[in-house]
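In the two complexes that follow, subunit A is the common piece, with subunit B as its partner first and subunit C second.
And then the complex of A and B:
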């Protein structure tokens, strides 16, 4: 598992967003398509693929895709 | 005679170890009923049992999705005056992330188990004439919908459909069958939610009565539907949602 897999899985949660726009430094709330539905889809993806529960409260303090990845890895340990 | 009394009635409550089911068991016992309570978690079921006023109550630890355990439970029950099916789970998951096991788990616990429980009680003639059956359904799936709750909604509207046909079939014996459709109730189910404090606060604001419901507020409705006072009510779904679905 590395961040490139995570970027791909993260990008998979969007339908109208160019996957190349999803980079480690991407501030995901700035993505046009971002909504509460995507947020829940991302949390579900993390639960399913990485077996980590990240809550909406935790997500609120995270801004970039890389920060989310790092937070998830820290919870996995 | 007080038409709202349920004193002496023998009532089965499933999902009695927590939340709405626990509140219903405790309230019914307070009102003088004899309780038969069941749930999967023995410790929490015993906690509920210890809170039941009066004597003659019984507890049965059982997983109602397990055919043998269900059969064993039914064999230990006397004829009943009331059933409240309250066992249920909720998982927040968008359709995009759903796997087979997610569907199976929620539909099994929320819909299939109550259906088998009902049909076995009918087949084993465990329901007295004039008995009352209540399914704890939800506004979710019946009166409105939410993102991430498609399977839950499907399970709860399945209960509503089953309830209507069962109400018709049992009417000749004056047995009534109804659903209660609560809005968001403050229970342990909320603690497992992915939603955060901010989401809950903005959600509460959508309720005209400006708060979530309390388990005992669902219990009071269950007492009414179990009592003689509701003897002409069958096949209905009682919405208890602080006005949420008016909006």
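And then the complex of A and C:
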């Protein structure tokens, strides 16, 4: 598992966003398509693929894709 | 009949709400995702309601923060097979991409699986309705066999899948008094 896999899985949760625009430094709330439905899709994906629950409350304090990845890894340990 | 949970209220459809629902249903932003897209007249609406206002069909207006925002249903319930067909639309643009559809669905599906004791729900989703597919998969619906090439695809939600997904969604919102 590395951040590139995570970037791909993250990008898969969007229908109309160019995956190449999803980078570690991307502030996900700035993505045009971002909505609470996508947020739930991302958190559900993390639970399914990485077996970690990141809560909606925790997501509020995270801004970039890399921060989300790092937070998820820290919860896995 | 009123169902209330997950910070949402579902009020069973009655005659006095038929015009509201008819206007929603005739709006192209809703009808474009429906298999039946003909214009619905008031007479057609009443005729339809007389046919479905029974224990085999449950249609609820979704209410949130005092406003009527959409419709959710389970229809054509077969009490021998213990299954029915689910459907939902959110009319109010403010809430289309919110978690409100999840809140309404959890409230409705709890009723279906725990009160009506259904074993599974089905849903037909047009193949190009990506948002609905994403939404239904999170809830636990799975594409039925041999549906890949079908335009109006059949999805199935088994009771155990729903319970599993409900648990996961609840964990995501654990300790949060707000839906994102």
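As a convention for this text, the second predicted complex is superposed on the first by the 77 of 77 C-alpha atoms of A that agree within 3 Å, B and C clash if a C-alpha of one lies under 4 Å from a C-alpha of the other, contacts with A are read in each partner's own complex, and residues count from 1 in each chain.
We take it that a residue touches a chain if its C-beta (ideal position, glycine included) is under 8 Å from a C-beta of that chain, and two chains touch if they have at least 3 such contacts.
Treat the numbers as computed from the prediction; the structure is a model and nothing was measured.
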After superposition on the shared chain, which partner residues are touched by A:1: those of subunit B (first), subunit C (second), both, or neither? neither
So in the superposed three-chain picture, is A:41 touching just subunit B, just subunit C, both, or none of them (first/second/both/neither)? both
Which partner does A:56 contact after superposing on A: first (subunit B), second (subunit C), both, neither? both
Between subunit B (first) and subunit C (second), which does A:21 come into contact with in this model arrangement: first, second, both, or neither? neither
Subunit A positions touched by subunit B in one structure and by subunit C in the second: 13, 36-37, 40-41, 43-44, 47, 53, 55-57, 59-60
The answer for subunit A against subunit B in the complex is residues 13, 36-37, 40-41, 43-45, 47-48, 53, 55-60
Please name which positions on subunit A make contact with subunit C in the complex. 13, 15, 35-41, 43-44, 47, 53-57, 59-60
Counting only contacts in the complex, subunit B reaches subunit A at residues 92-94, 96-97, 99, 147-148, 193-199
Which residues of subunit C touch subunit A once you look at their complex with the stated criterion? 97-99, 101-102, 130-131, 134-135, 138, 168-169, 171-176, 178-180
